[in-house]
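Dumping the structure here so I can ask a few things about it.
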Amino acid sequence: MSKHIPLVATLVLGLAAIFVLPAFVEAFTLMELMVYVIMSILALSLGFVWGYGGILCFGQSAFFGLGAYTYAIAAINFGESTAAVGLAIAVPALFALALGYFTFFGRISDVYFGVITLTVTLILFNLVNSTAGEQYRIGSAPLGGFNGIPSIPTLNIPGMPDRVLDPQSLFIVCVILLMLVYLGLRWLLSSHFGRVVVAIRENEKRADLLGYDSRKYKLVTFAIGGGIAGLAGCLFANWGAFTSPTVFSLAQSAQVIIWIIVGGYGTLLGPVVGCFLVQWLTSYAGTLSAINPSLLLGAVLIAFVLLLPRGLVPLLQTAFVRWYPRLLSIKRQPDKAEARDALDRIPLAGTEP
Amino acid sequence: MDYAAVIGIEVLNAIATLLLTSIGLAIVFGMMRVINLAHGEFIMIGGYAAITATSAGINIWISMLIVAPLVVGAVGAVVERCVIRHLYGRMVDTMLATWGLSLLLVGAVTLIFGNTTVGLSSPLGSFAIGGYQVSSYTAFIGAVAIGVTVGLYALLKGTRFGLIARGVMQNPQMAAALGVSPPRIYSVTFTLGAALAGLAGGVLAPITGVVPTIGVAYVAKSFITVIGGGASVLAGTLSASGLFGTVNQLASFATTPVIGEVALLMVAVVLVRLLPQGITGRFFRGRL
Amino acid sequence: MSAGTSLVETNGLGISFGGVHAVNGVDFKLADGELRCLIGPNGAGKSTFFKLLTGQYRPTRGSITIRGHAIDGMESYEIARLGVGIKTQVPSVFNGLTVEENIWLSARRIGTRTEAKDVVAHILDMTRLQSLARSTVGTLSHGQRQWVELGLVIATRPALVLLDEPAAGMSDGEVERTAELIKDINRQCALIVVEHDMAFIRMIAKTVTVFNRGSVLVEDTVGRVLADERVRDVYLGKELEVRQA
C-alpha cells in the first residue's frame, strides 16, 4: 500500500491542478504557475542526473537552451509544432550524448567534468549571443543574437497547425508532462538500469569491478537528463513565445542547482519543491526593493550547503518517518557526516515481499 | 613588421591578464584543493575598491596596488573563516557554497553601487609602434604580472611561510604532526589568493571599467586556466595562461573577439580532456 | 579446460611508476580451481599485482592471460565479465545500499530477476548475513563489511576470485569463519589470497607464492615456504632496514 502513495498523490495533485486551478485562478497567476511547472521539469532533469546519477553538471542550462532554440527554429521553419517538439528533445539529448562520450569515456573526474560543462554552456551563450544580424539564420528563422527570437509559433494540436493551444490548454499540457516525467523517472529508477546508476554513484569502481560498464550507464543517464531539460526548454519557449540567450546563462544553471540543494538532493520530489519555493521566493523578493534577488539566492544557497546540505524534502521525510513509521515503509536514515549520500527509498523492483 | 609587433604585444597582454586573474585561484586550488567560484567577484570587488579609493582622493597607483588587495584580502579572510573552513575536504560542496557566495556578493555590490558601469581613466598614455598606437598601460600590466610571479616564487621558495605552505600542500597530516597548524596556513593562503584577485581587479579596472556582473567573465576563464595548468601553482598557471592567452588573442585577431573567447574555451575543454591532470600533470612535473 | 592450460598466466609482467618497479618480471601460473596464497612484506607488489590482473593498472611490460584471453588493453569491467572478482584491500562496497541490494546488484548482472533472488538468498545463507539483509552497509562493522564484499564478489560466479587481506582487522572468531568461507568458495572458484596472518594462511593454503620487491622469491607448499630461511630474512630484513634508518 505504502509504495503507491507517491503515485496516488501525484495523480491527485495533477488532476487537481488540471481541473481545478484554471477555473479558479486568474490568467496572470496561471502563467506564473505554468513557468514553475516548466522549470520543475528542468529541475527534475538535473535532480535525476545529479541526485541519482552523481553527475554534477554545471551547465544543465545548455540543454535547456538548446531545447528552447531548437523548438523555436524548427517551429518557425516547419509551421507545425509536433516535429519541433520532437527535435527539441532529440537535439539536446544527442548533444548530451556527444559531450558525455567526450568526458565519461575519457574518465574525467567530477571536478573537471564540472569545469567542462560550465565552459560548454559559456561557449553556447557566447556563440548564440553574438548572432544578431540578418546573416545568422537557420532556414527561415533568424537567430537574433542577444535580442532573441520573437513570435515563436506555439504548440498546436498535432496535424492541425491552425489550432493553437490557448494558455489554459498549454498549462494542462505542462502539468501532464511534469507528471509523466516524474512518474517516468520513478519507474526508471526502480528498474535494473536505475539501480545500477545509483550504484555507480555510490561506488563507480566497484560497479566496474562487478562487470558494469559505468561509462555507458553515465552516458545514457546524462543523455536522458539532456532530453528532459530540452523538453523544459521547448515548453519555456512556448510559454513566452520568445527565447533569448539567457536560457544558456550561467545564472540559469546556478538556479537549477539551487533548487535541488534547497528542495532535496537525492529525491525526485525535492527538485520540484525546491523549484517552486525558490522561484516564488525570487519573485517575491523582486517586489521588495530592499532585497536584491541575487543576494537572497546566494545567501540561501550558502545557508543550505552549510546547514542543510540534503535539502528540505529529506528533512521532512525523516521527520515524517519519526512520527508515522507505519505509514511509510521507510527505514530511518542513519545520521551521516557525508552529505551527498541521501537516497530516496524507492522499493527495489522484484525484491518486495 | 609593426603589425606583428602590435600583435605580439597584445598576445603578451592577454597572457599577462589571464595570469593575473588566475593566479589567486591557482594558489587556493593548488594549495588547498578548493575551487572558489566567487573568485570572479573577488576581482570585481578589487576593481570597485580601487575606483572608490581613487575617487576618495587616494593616489591611483596606491588604490590599485595596495588598497584593492588589502580590501579583498580582508574579505577573503572573513569568507574563509565563515564558509570555507567548514567545508574542507568537501570539494563539491565548496564549489556550491562559493557559487552562492558569488551570487551574494553580486547582489550586495549591486545594492551598494548600482548597476551601471563605473570607470577609471587609464593613467598612462600611449606610445607608437610604426603607425599603431599601443596603450602604455599594457606594459604596466605586464610588469605587474611579472612582479607577482617573481614575488610568489620568492615567497614560496625563500621564506619560512613558503616552505611550510609547500609542505602543507604536499602532505597536510605530516605538517600537522610537525606542529604546523594547517587551518592557519589555509586561512593565510586563502587570504593571499583573495588579495591577488583584488590586485588583478584593481589593476584591470582602468581597462574594462567595473560593473557588478563583471566577475562572471573572469571566473570561467580563470577556472579553466587553473584546471588546465594542473597542480603546480606557478608553472601551471604560467603555461596555461601562455597557451590560452595566445589562442584567445590570435583567434580574436583572425576573426572576432567573441570567436576568440570561444576558441579559448574550446581549446581548454580539449586540453582538460587530453590531459586530465592539467599541463603540469604531464610536463614540468614537480616544479613549483 | 585441457590439462596444461592455466586459468591465469602472466609472463614477464611488470609495471613501473616513475623509477619504481612495483612489479618486476613476474611469471605466475594458476590452475583452474586452485587456491593460492600470496605473501610478502609490505611494498612487495602484491596489491599492485591484483590491480594488474583486474585491469585497474596497465602493465608496462609482459602479458597476462586469463581463461585463455590476453587481457592487454581491456577495461576493468570487461575483465570482470571474463569471470574475475576482487575483494580489495580497503573494502569497496555500496555503502549507501543495504546488504541485500549490494548482493542483488552483483547477482543481477549475470542472471534474471528470479535467478538473482535465489542467488541472493543462497549467499546470505553462505555468509550468514541473513539477519543483516536489510541493514545499510555503511552502518556495519568492518568485519561484516568484508563479508558483504565477499558475498558481492562471488555472486557473479567468477572463475577467479582475488582476495586482498580478507582477514584484516577481524577477531579470532571472525578469522576462523572467513577461513571456512574461503574453503567453501574454493569448491567452485579458483582463489588467490593475499594475507599477512600466517596462522590464517596455514588454515587455508596449499601452495604459497612469496613476493619480494616486485618479483617472485619462492613458490612452494605452505610448510616449506614458512620454513624457508629466505622468506624469514625478507620479512625480518625489512624490519632491520627500517630500524637502522
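We call the chains A, B and C, going by the order they appear; numbering starts again at 1 in every chain.
Note that in this section contacts are C-beta pairs under 8 Å (C-beta built on N, C-alpha and C of every residue); 3 or more make two chains touch, one makes a residue touch a chain.
Fair warning: this is a prediction, and the values are worked out from it, not measured in the lab.
Undergrad: Using the mean of all protein Cα atoms as the middle point, what chain has its own Cα mean nearest that point?
TA: So the chain nearest the centre of the shown protein is A.
Undergrad: By mean C-alpha position, what chain is farthest away from chain C?
TA: Between chain C and the rest, the longest centre separation is with B.
Undergrad: By count of C-beta pairs in contact, what is the leading chain pair?
TA: Top-ranked chain pair by contacting C-beta pairs: A-B.
Undergrad: Cα centroid separation between chain B and chain C, in whole Å?
TA: The mean C-alpha positions of chain B and chain C differ by 48 Å.
Undergrad: From the mean C-alpha coordinate of chain A to that of chain B, what's the distance rounded to whole Å?
TA: 33
Undergrad: Report the inter-centroid distance (CA atoms only) between chain A and chain C in whole Å.
TA: 43
Undergrad: Spell out the part of chain C that touches chain A in their complex, as residue ranges.
TA: Within the complex, chain C touches chain A at residues 54, 56, 75-77, 80-81, 85-86, 88, 92-97, 100-101, 104-106, 108-110, 113, 116-117, 120, 134, 136, 138-139, 152, 156.
Undergrad: Once bound in the complex, which stretches of chain B touch chain A?
TA: So the residues of chain B in touch with chain A come to 35, 83, 86-87, 90-93, 95-97, 99-108, 110-111, 216, 220, 223-224, 227, 256, 258, 261-262, 265-266, 268-269, 272-273, 276.
Undergrad: Spell out the residues on chain A that touch chain B in their complex, using ranges where they run on.
TA: Those residues of chain A that touch chain B are 56, 102-103, 106-112, 114-116, 118-120, 122-123, 126-127, 129-130, 250, 254, 257-258, 261, 292-302, 305-306, 309, 339-340.
Undergrad: Mind pulling up the chain A residues that touch chain C in the complex?
TA: For this pair, the touching residues of chain A are 192, 195-196, 198-199, 202-203, 205-214, 331, 334, 336, 341, 343, 348-351.
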